[in-house]
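Heads up, the next two complexes both have subunit A, just with different partners, subunit B and then subunit C.
Coming up: the complex of A and B.
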């Protein structure tokens, strides 16, 4: 992992029809052997970026370097990458074996080697013995495995995956997530996955680039993205979060004084100034009957509104006298139902640690 | 919505007009012709139905079989040329911008809206000895000669003088005419098949290292096979039975089977023999359709996702 990055995206833009900026001056580096995710809402440019890596789109500006080579003039069929398509694109007129062998035939490998590698690839994706099947005799999950085997058998430097799990049902999707992580560890190939599903990205990737409106908002490991989001957009996009509009002024190195309605003035760690958002994750909020005395917390009175019970926790909305309620995920740690039942209208003190509070700019 | 089985009146209202139409204007006349083919001509206008096979025996004589064979050959050549021309055209339309696509399709269909006779005479104006093609060639030759005169090779030393090409009244002219007439029959089913083709198949093929030519023959052609089969059949069948094009553009040896049939019904006034020839043509058509059905069943897989 100490070598040069396997993918370097330098100042890449893609403009459609002269004005629509699908990708807007993106800089990214993907390290060798990483499981990298491009995450964002639909239309954020993540798929365009992936297709530029595959060579199906040409950047309007900027440079794409894969494995040390500039890809500007390299056609898709000459790139050291292979792709798993969202629709799988398993050729319907070829058997599973023929599908997997297709790429090796194009490379004019000897037939003995093709046979061996196809069998290995099918074994790798747990489709051993199904080589003679036709795609229309297989389930969606199996077809996806064919697409994976077909791409991996070529031993690319990078495997590109375009929303690979979106067409699978929830259960299969979870199994496939683990499967992909296992595969990636087994083959050691760099994976770049595009997804709009944050849980998919968080559970699989080593690092995630969050994109919005063609721009990369933040690149970080899953924990970094969740615990220290760089902006309001990232915080809001990844997981649930409470955002309270506030103003902040800088008071010292990495320290700001924040003035928020109902909360008042607090000094917090952060760098954002001016109009900011105070942000706190619902699971970091606690509830008490009496006002907490700990000076390390922010406490506020709230009235119970809606409650959603999820078994292991309850998602409780507290009216704190602001426009929007504050939501808290309260762990249901006892089996005494009375203990954790929140009734609408009841008043509580809700509090969270200052250290868990984020000050986010736009 | 109410099931038609539950509403007898709806059922009959829907079924009677087309049935009437088919029976009156298709089945009855065709049956009459079919009966003629087993009849004998007994006078100038008298025909007796005596269930003999003489007319068919005569139709299978070498001279007529030769014309049948020639028709098949001409239709096959037409179909092949149409396929070769149509594939790039259909691909270009599929990959054109959606707004352009409509106009391009319109351009393909446009000749349909002009009378066949007018189109054929227009083609004569293009192909005849003092037609547009020969004019253009003459202009080219003259100017090439003029240009060569600057390096001292003028005055027809290298090329020319121009002799007009004989483009009309031969088999080539007939095939050119048939290709011109039948091109839309090939372009449209090909377009439909290619339009349905998921682009990611093409991208997957490129991604796996295939060039554009390989992708075309390994992915596009097999997946478009149902469309190709449709195009081939609906080009071949009318081409085989064409009458006007060989009549106007062909020479004395360009007779196709429809011309023989017409002459039997008209000049020769031999309806039974004309009927037998017609039905032989029809059996050939049925054979082609059956062949397509078998092909489609075999390749039906390509249609599914």
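Coming up: the complex of A and C.
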């Protein structure tokens, strides 16, 4: 993208009560038209960051620039952003139409235009014909659509979404994920979504910033975040992963020699040194009866422990003589139950490609 | 009477309503609560100067009540004071409640406690204090109606608005702040947020607060007694002075009208509040 980023967050901190750092020297850029996710455990500062974009929190230090303008002195009602709140915040004493029209009324648009745009917005979120309803006559999912229409009708530069799906049941949540992606493509507005649900972020966003304790840990597209996490925290937070404590020394450009218990010494791609974690995703692990001969893999012997059956795959825990077991997701590729069933106590060779092994620092 | 009849079913552990003592207590409470009021209303139709023996039905005393100029003047005074008090106390109470709910400022706790003081201070002390205060100020007397009711009205507002403030504050407590933030996000100024979002939410509280202020003012005796002048007699004070001579059915009639008036106002207010609650139900 050649244009300037729509959001620039420069060295922003938010300190509460003089000592609690909710947001700690964050630098972020969001490009025009992106679906950007702020992901992290509760209390990591993601919501505070979003509220600083909306103008409800003032940064203790740093600069927030939206669409080329410094937002330091701009009140929430004058910002080119709109927000979908966690509780949806649909005004209970106004009809759906009045809710959606409220923002345009505040902008003093002519009533003809308001009427037309409200109808369009309701059509966009598939609530056409329900304009006269009162909020207490609608379901949670419908109320959320009202909140979406109400924010989008103002054609903001950026739409902010604060945990928008957390109050919906599982089925509706999945449908809404697809719906949000469709909406974002239709209107072409930049979306910034806050979520603690990694699958939500992975499935919807173009890029994700993972936050922990007020700091941004990594900013990457979903695949980058999952396949090449930058730190132990990110690897552990996104999906399942096996982590084996090890030590590493640098041996060349982007290459380290790792010494791990039971595995021995291996040379791997990576940059982390000293105390590291050797990491491998469960679905990248294979199981064999005989020791594999391929020099490109790491192989160790393990005993079958717990097995959890998930239909399309089984999550098998192998005891490899370390404190914690190694878990592997084995695809159940045949319908012959006998063939894929693992029995506790059986010994196997388990192996994975060196190329799939990550060396992670803290 | 059902109260003393044995129910053939065995009593369950939570069947408190079937215990004799509980029924007795409830019955006695109701008797002492309502018997005097019902008696008072019944005897307002008694065809007798003395208020002891039933001598037949008459509406004479209502006619007399409406023809008693000094009683009607007192009634008018009371209504005027109550209406002015209601309007001012509700507005003041709403603003106080809003400030206490919305903002953080040094000394907030002291301010909040100080505001509630008129509720806990004995009324007689408030009355004496008000009397001394207005005397010290040299508050003019003998002004034309209704300006002569000013001192009583001010006293009533002073003791009634904290009640309104507390009721409205309680209503604000379950306001979803995201609603206000959302309105702000959609382009509303602080004032528009207050007008469009906060006030509609406060409405049931406003109605309840206004009702409270109205009834507190209408039947206040102690504070009014100390702040009233010879030409600014209110309804309760007038009834008191009539009772000092003798309890005539005319007093009963006057009281009955006061009761009916408060009942009607309360019913309207409760009905309005219920209707509003139905609308406000989905606030969260």
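The criterion applied here is as follows: the second predicted complex is superposed on the first by the 362 of 362 C-alpha atoms of A that agree within 3 Å, B and C clash if a C-alpha of one lies under 4 Å from a C-alpha of the other, contacts with A are read in each partner's own complex, and residues count from 1 in each chain.
Keep in mind that, in the parts below, a residue touches a chain if its C-beta (ideal position, glycine included) is under 8 Å from a C-beta of that chain, and two chains touch if they have at least 3 such contacts.
Everything quoted here is computed from the prediction, not taken from an experiment.
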### Query
Clash or fit: how do subunit B and subunit C relate after the overlay on subunit A?
clash
### Task
Examine A:85 and indicate which partner it touches, taking first as subunit B and second as subunit C; both and neither are also allowed.
both
### Message
For A:106 in the superposed arrangement: first (subunit B), second (subunit C), both or neither?
### Response
both
### Message
According to the stated criteria, A:76 is in contact with first (subunit B), second (subunit C), both, or neither; which is it?
### Response
both
### Message
Contacts for A:61 in the overlay, against subunit B (first) and subunit C (second): which applies, first, second, both or neither?
### Response
neither
### Message
Please report the subunit A residues shared by its interface with subunit B and its interface with subunit C.
### Response
54-56, 75-78, 81-83, 85-87, 89, 91-93, 102-103, 106-107, 134, 136, 150-151, 154
### Query
Residues of subunit B touching subunit A in their complex?
198, 200-201, 203-211, 214, 218-219, 222-223, 299, 301-302, 304-305
### Message
Under the definition above, what is the set of subunit A residues touching subunit C in their complex?
### Response
54-56, 75-79, 81-83, 85-87, 89-93, 102-103, 106-107, 134-136, 147, 150-151, 154
### Message
Under the stated contact criterion, what part of subunit A meets subunit B in this complex?
### Response
54-56, 75-78, 81-83, 85-87, 89, 91-93, 102-103, 106-107, 134, 136, 150-151, 154
### Contact set on subunit C toward subunit A in their complex
176, 178-179, 181-189, 192, 196-197, 200-201, 279-284
